[in-house]
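Here the structure comes first, spelled out in structure tokens, and everything after it is commentary.
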Amino acid sequence: MADEPVKVVYHLTEGLDQASRAMSNIRNHLRAEPDTKIVVVANGDGIKFLLTGATERSGRPFDGAVAALASQGVDFRVCSNTLIAHDVPVSRVLPGVRLVTSGVAEVARLQAREGFVYLRP
Amino acid sequence: MADEPVKVVYHLTEGLDQASRAMSNIRNHLRAEPDTKIVVVANGDGIKFLLTGATERSGRPFDGAVAALASQGVDFRVCSNTLIAHDVPVSRVLPGVRLVTSGVAEVARLQAREGFVYLRP
Amino acid sequence: MADEPVKVVYHLTEGLDQASRAMSNIRNHLRAEPDTKIVVVANGDGIKFLLTGATERSGRPFDGAVAALASQGVDFRVCSNTLIAHDVPVSRVLPGVRLVTSGVAEVARLQAREGFVYLRP
């Protein structure tokens, strides 16, 4: 058990400021513990940073940071219910981001069925 | 294990906007995974939506949404310490909502003793 | 298992208002369940209340509340990455507070390796 990698679900629901903090948190997390498996699940306003054209406060687009973390093994999953409720076409979701039916159900499932622990940045 | 229903504690502490999001999240959650056992624990400003007369931004009262989810098996629990600290009489708590001594202790107990996973909407 | 004390990580990331709520939550938690082991992990703006001179809205300094909870067995841990990023010298951290390399990695480790449950006040 103790040798298995730690698995963490980062739950994002608030918007771009929380997403900026999360990107920074995840970079620090992987620098401290490179073997950690991280899945980011976004629902509600948490999905905004995963749409084309989204930028950090500094003006820097999110897509580069997302692609860089994805290349380090971070998975990004977005709630389809939110896309529908917010009238966002799937074509606006960044490449490589996986759709899940319900973000909250996914957060629960990862913990209850796949041994993930929870973290809200 | 894998066949037992997933059990999730939704932890509400912020106020009416978080509660609105939570009602919507829980409806989506149960639509995606109808067998999920959901307990909502509210403390601090999180208790406001469970008091008589509380309304969503749209003006719609919360009591109908709470009763509808309760009829689907969702449990609502409110922190007695908060009621005392905020000087709220128990008579203002919606019918069917259970009092617990400490909301935070209940959130911890459900996870540590009853196999619930955590979710903060 | 059921006889071991419940272990809870309180995750603080927001700032002084969240920290005030957390101090009150933890006091209530320990009053309801005195055997609970509580570790507070602070990163980002969550570290502010653990620096010398920080005060609650009422003007009361945080150091007394932190020392009182520490004397009841609560551990406080602060993220070194945040100290560096916010340019805060270690000398400003309250006595008795432990430094950890990465606050988020610590929150994950406590859950995955030491049986803690999560709570965000």
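Chains here go by letter, A, B and C, matching the order in which they are written, and residues are numbered from 1 within each.
Rule of thumb we're sticking to: a contact is a pair of C-beta atoms (placed from the backbone, for glycine too) under 8 Å apart; a residue touches a chain by one contact, two chains touch by 3 or more.
These numbers come from a predicted model, not from an experiment.
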Classification of the chain A:chain B interface as same or different, half of numbers criterion: different
Superposition rotation for chain A onto chain C, Cα-based, multiple of 5°: 120
Separation of mean Cα positions, chain B and chain A [Å, integer]: 25
Of all residues in chain B, the ones touching two or more other chains: 118, 120
Partner chain B, residues of chain A touching it in the complex: 11, 13, 43-44, 79, 81, 85, 101-102, 104-105, 107-109, 111-113, 118, 120
Touch list for chain C against partner chain B, complex: 2, 6-8, 21, 24-26, 28-29, 31-33, 36, 117-121
